[in-house]
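Single-structure report; data block below.
So that you can tell them apart, the chains are marked A, B, C and D in the order they are listed, and the count of residues begins at 1 in each.
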Amino acid sequence: MPIDPGPKFVPLSELAARVPDGASLAIGGSFLHRGPNAFVRELIRQQKRHLDIIKQSPGYDLDILCRAGCVAKARAGIVAMEGNFGLAPWYRRAVEQQQIELEEHACMTLTAGLRAAAFGVPFQPVGGVHGSDLARLNKWVSITDPYGSGQQVWIVPAIRPDIAVIHVNEANELGDGRVYGTYNWDRIMSRAAKRVFLVAERMASVRSFQDQPELTLIPSFMVQGVSIVPHGAWPGSCWPLYEVDYPAVEDYLSPQRALETHLTDAPETKEHVFV
Amino acid sequence: MSDDRPAWSSFSYIVTNLARFVRPDEVTFSGVNSTPPMLACLMAKRAYDFDFVYLNVAGGVQPRPSKIPISSSDPVLAEGSTAIFTNEDFYDLCTRGGMDLCFLGAAQVDGRGCTNVSAIGDWHRPKVRLPGGGGGAVMLPTARRAVTWRTEHSTRTLVETLDFVTAAGGMHGVVTPIAVFVKRHDRLVLQSWHPDVTLDTVQERTGFSFDATDATPTSLPTARELAALRSLDPDGQFERDAQLQ
Amino acid sequence: MPIDPGPKFVPLSELAARVPDGASLAIGGSFLHRGPNAFVRELIRQQKRHLDIIKQSPGYDLDILCRAGCVAKARAGIVAMEGNFGLAPWYRRAVEQQQIELEEHACMTLTAGLRAAAFGVPFQPVGGVHGSDLARLNKWVSITDPYGSGQQVWIVPAIRPDIAVIHVNEANELGDGRVYGTYNWDRIMSRAAKRVFLVAERMASVRSFQDQPELTLIPSFMVQGVSIVPHGAWPGSCWPLYEVDYPAVEDYLSPQRALETHLTDAPETKEHVFV
Amino acid sequence: MSDDRPAWSSFSYIVTNLARFVRPDEVTFSGVNSTPPMLACLMAKRAYDFDFVYLNVAGGVQPRPSKIPISSSDPVLAEGSTAIFTNEDFYDLCTRGGMDLCFLGAAQVDGRGCTNVSAIGDWHRPKVRLPGGGGGAVMLPTARRAVTWRTEHSTRTLVETLDFVTAAGGMHGVVTPIAVFVKRHDRLVLQSWHPDVTLDTVQERTGFSFDATDATPTSLPTARELAALRSLDPDGQFERDAQLQ
C-alpha cells in the first residue's frame, strides 16, 4: 500500500491540504448524519477547486461545496437537506445552471461501482434498474446471463475515489476507526478508495479496540491520515453524541446569512479541537 | 393535535393509508426523506394486532426509538434494535427478493406506477432539479411491493407521461391527500377516495386515466389508528410541518 | 420472507430434522474453527443422504459427512484437517473413488457465487483466476470489460444454498446471533442462503444485543431456527471459549476408532445441552 | 530446540528463508494450512529492525498472539489485534492490488512458478486428491508478490509439467529444504542453495531446468534469526511436527 508522506495524525487544516484540486472525494455519512462536515468546510476555507464528489446521499456537504464553487462533478444517488428542509438549494442551482456535471445514480448503482473498485474488478452487476432512464443516461451496459438463466442484468463500471473521508466516533493512536450505529455506506467507500482519511470525534485507547476488535470499521493500515475534531459532524448529528442542530441548518439555508459567517460559527474554528 | 379536527386530515389520511399497506410478518422498509412512511410504520406497530419486521435506513431492525425524529434517516430510528442492518444489507435483501414492502418517494407518478424523482423538464436543462435516483431504480423493480405517496394530488404530480423515468417496475400503491391507488394488471386503479371529496374531483386532479369501478370512499380511521397517530404526533408538529391544507 | 413452520428455538435434533435429503447446505466456520459440528453429527445420526455441501474451507465437517455416506456433492475451495493432520482421509477417498461429485473452487470463486446470490444477480465477477484450469473445469465464462479498460474478468454463476448453518458464540431469545473474533465466511453465507439456522454456544440477553447492536452478525428476522449447544464446535475450537481438542481429532482419524464411538463421545449427546 | 543442531536445519532453512522475503512497511499475509509462513511472519517481527503490516487468515491485523498455534488459522492469531479483517476483506484487498506479499501453499510447482494443489494424476480420476484451490487461483495472479514453500525438494514436487494448473501467475519465490528460487522474466531461477548440499544435488532433485548463474550458497542464519525462531519454538515441537530429516 502506498504510504502517504507526512505523519498520520495531523490538524484538520493539514489533512484537508492533502486533497489536491480535481481530486475525486468519497464523503461518508448520510444527509445530516455523521458526515465529515468540518473537513468539508476546511476544503472551502482552502478554496479547493474542481472536486469530484462521490456519495450516495449527500446534502449539506455537497450543497455547501457547490455554494463555495469547489465542485466540478457530483456522482450521487439522492441529494437533499432532508428533515423538513427539502431540496439542497445551492446544489440545485449549480445543476440547473449547469455549473457542475451531475452523474445521477441510484444509491445502489453508485455502490455497485464502489464494489467493483473494492473487489478489483472492472464492473459490478446490480439488481433492478430495468426500465430506468438512468441506464441510458449513464450509458450502462446490460448483459444476458451467460449461464442460461435468461436474466438480463445491468452492470456498472468501477468507481475508485482518490480519497474517502470518513467521520468516525472514535480512533485510536494507531489510526483504527469505529462507528456507533449504522456506518451507512462508509465501509464500501473505505474499501473502494485509494486513500482513506478519518475525522474522529475523539481518541479511544488501543486497549479498548483490542478488547472488541469486531467493532473496528476501518483498520489503521488502510488509513493515511487522521484528525480529531470534536463535534466535527456539525450541523449534522453524530450518534449517540449529539443530534442535528436544526437552527444552525436553517441559518445556513437563509440567503441573508453569509457563508463566511456560517464557516466562522463552526466548532472546528476553535483552536483546541486540533490534536 | 386538537381533538376537534375532522376524522381525516390530509396528513392523517396519507399516513394512515400508507400504514394500511403493512401486512403481518412481512419485512417492511422506510427510507430517507420519508417522514410519512416512517410514521406509517411506527403507527402500524401501535395500531394493528399483528407484528411485522420493520427495517429502516438508519439501520434499525424492529427499533424502539425513544423519540420520533424529524429526519427519517436519524440514527435514533435504530435505538433499541438488536442489530444494525446497514445500507448494503437492506439493498441486497431487496434485490435478492427478501423485501416484502418498500416505501419509496416520488415527485411524479404515471398511470403504470413508474416514478420520476430526477428532474422537471429536460434532464440536461432541468426546470427543476429534483433530489434524484435514490432507492427507486433498484428497489422499485425488485421489492415484492413498493408504495409511494404524494402530498400534492394534481396533474403536475400524477401525470400521463413522466418527464424522466427514474424508476420503473410500477408502484403497488400510491397514497395522496384525497385518494388511494393500487396496481392491477400493471395499471394504477382507484381503490378508495377521501369521503369529503367527490370521485369527479379525484379524476379532475389526476393526470392519468384510471379505472374506478371498484373504488369506494376510504373507510374512516379507527379509534386505534387515530390514537396511534396522536401518540406519535401529540402536539401536531409533524402535521404542521407537512404543510397540508 | 418465507416463515418456516415450527418454533424458532428447537433442540438440535429437530433443527437437523428440518434438513431434507438432497439439500444444499452451507456450513460456517473454517477447518477446525467455529464450525457447527454438533449439527453435522446430528445429520449423520439422522442418516441424511445426498447432501450438497458448500464451504470455502471444510475439513472435519465434510470428512465425517463423507465417512458416513451423507454427501452427494461438495463445492469447496480447500479441504483439509489442517494443523498437523494433513488431508481429510474420508473425503479424499470419496473423491478418489468418485463416490461424491466435487466442484472445486478457489475460496474466492465460491464466495463470488455466494455474493451473486446475496446481491440478487445471476453472476459475480471475481479477480484473478487467469490461467487456472479451474475455469475450464467449471466452464466459467470470462468477459471483456465493455467499458473499454481492456480487462478480461472471470464471472462465477450464483450459488444459493438452501440452508446456511452458522455456529455463533451467542444468540438472544429473538434469534439474533453474534460471533467473537473472525466470522470467516459466515456473513456472506448467511446472506446468500434461502434459510439460516444458528447453533449457539449460549444465550445472551436481548439487552446486551441492544447495547451493542453493531456486534450482531445475523439479525433474527433472517433466522428460521436456533439450537443452543454448548461446546457444539467440538472437536474444533470456538474462540474465546475453547481450543481445538487435538487428541479427539486424532482419535477421530484413527481407523481403529469406530465412527459410532466418536459420535457418542460428542458433547451434544448429553441431555442438558438442549434448550 | 537443542543447541548442537547445525546452523541450518531443514526446518529453520525453510522458515528463515520465507521470512527473508518480508519487506519493510508492506502488507504481508499468511493463510490456512501454512505453518511455515505463519512462523516466518512472526519471526520477521522479532528478527528484523523494520516493521510491516502482518495480516492473517484468522482475521489478525498486527496481532500479538499469546501462544503460537498448531493451526495457522487458529483464532489466537488475531489476539491483540485492534481490528478483525475477515476473509472477504483480505481477498478483496488482494484482488484490488493492496496485498504486497502473500504466502500460498502448493503441492507441485513448475519452472514458471505456477502451482498444482488440486490432484496428482488426472483430475477426474486422481491418484491423489489434494486439498484444492484455496487462495491460489485468485491470490497468486493478483498479489504483488506471492511466495510458496515445499518441505520436499524432489522431481515429484518441483516439476517440468503440472498435472493440473490450479494457480497461474507465477510465484515470486519458492523455498525448499535446500534451495531458494526467485522469479526472473517469468522463470524461476536459483537465488541460493543450502551450503551443506552441492549445486548438482539441487539440479538433480529439481524437475524443471533453471538458471543458476547468480546463485550463491544461502547465507547462514543471523543470531537474531536463530533467537527469533528459538523463541517461537522453544522446545522444538514445530520442528519435530514438520518431520523433516
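The definition used in the following text is that contacts are C-beta pairs under 8 Å (C-beta built on N, C-alpha and C of every residue); 3 or more make two chains touch, one makes a residue touch a chain.
Just so it is clear, the structure is predicted and the values come from calculations on it, not from any experiment.
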Selected interface, C-D versus A-D, where C-beta contact pairs are more numerous
C-D
Using mean C-alpha positions as chain centres, tell me how far chain B is from chain D in Å, no decimals.
58
So what's the Cα centroid distance for chain A and chain D, whole Å?
40
Rounded to a whole Å, what is the gap between the Cα centroids of chain A and chain B?
28
Could you list the positions in chain C whose residues touch two or more of the other chains?
119-121, 126-127, 181, 213-214
Among chain D residues, those touching two or more other chains are 59, 78, 84, 94-96, 142
Would you mind giving me the full set of chain pairs in touch?
A-B, A-C, A-D, B-C, C-D
Residue numbers of chain A touching chain B in their complex, please.
30-34, 56-57, 76-80, 82-84, 87, 91-92, 95-96, 98, 102, 104-109, 111, 126-134, 137, 181-185, 187-188, 237, 239-240, 243-244, 246
Residues on chain C engaged by chain B in the complex (per definition of touch):
1, 3, 117-121, 172, 174, 176, 191, 206, 209-210, 213-214, 216, 218-221
Residues of chain D defined as touching chain C within the complex:
32-33, 57-59, 70-76, 78, 84, 86-88, 91, 94-96, 114, 117-118, 123, 125-142, 164-169, 241
Help me check something: in the complex, which residues belonging to chain A touch chain C?
116, 119-127, 141, 143, 145-147, 149, 151, 153, 155, 157, 179-181, 212-215
Show which residues of chain B lie in contact with chain C when the two form their complex.
25-27, 53, 55, 59, 61-62, 78, 80-85, 89, 92-98, 100, 142
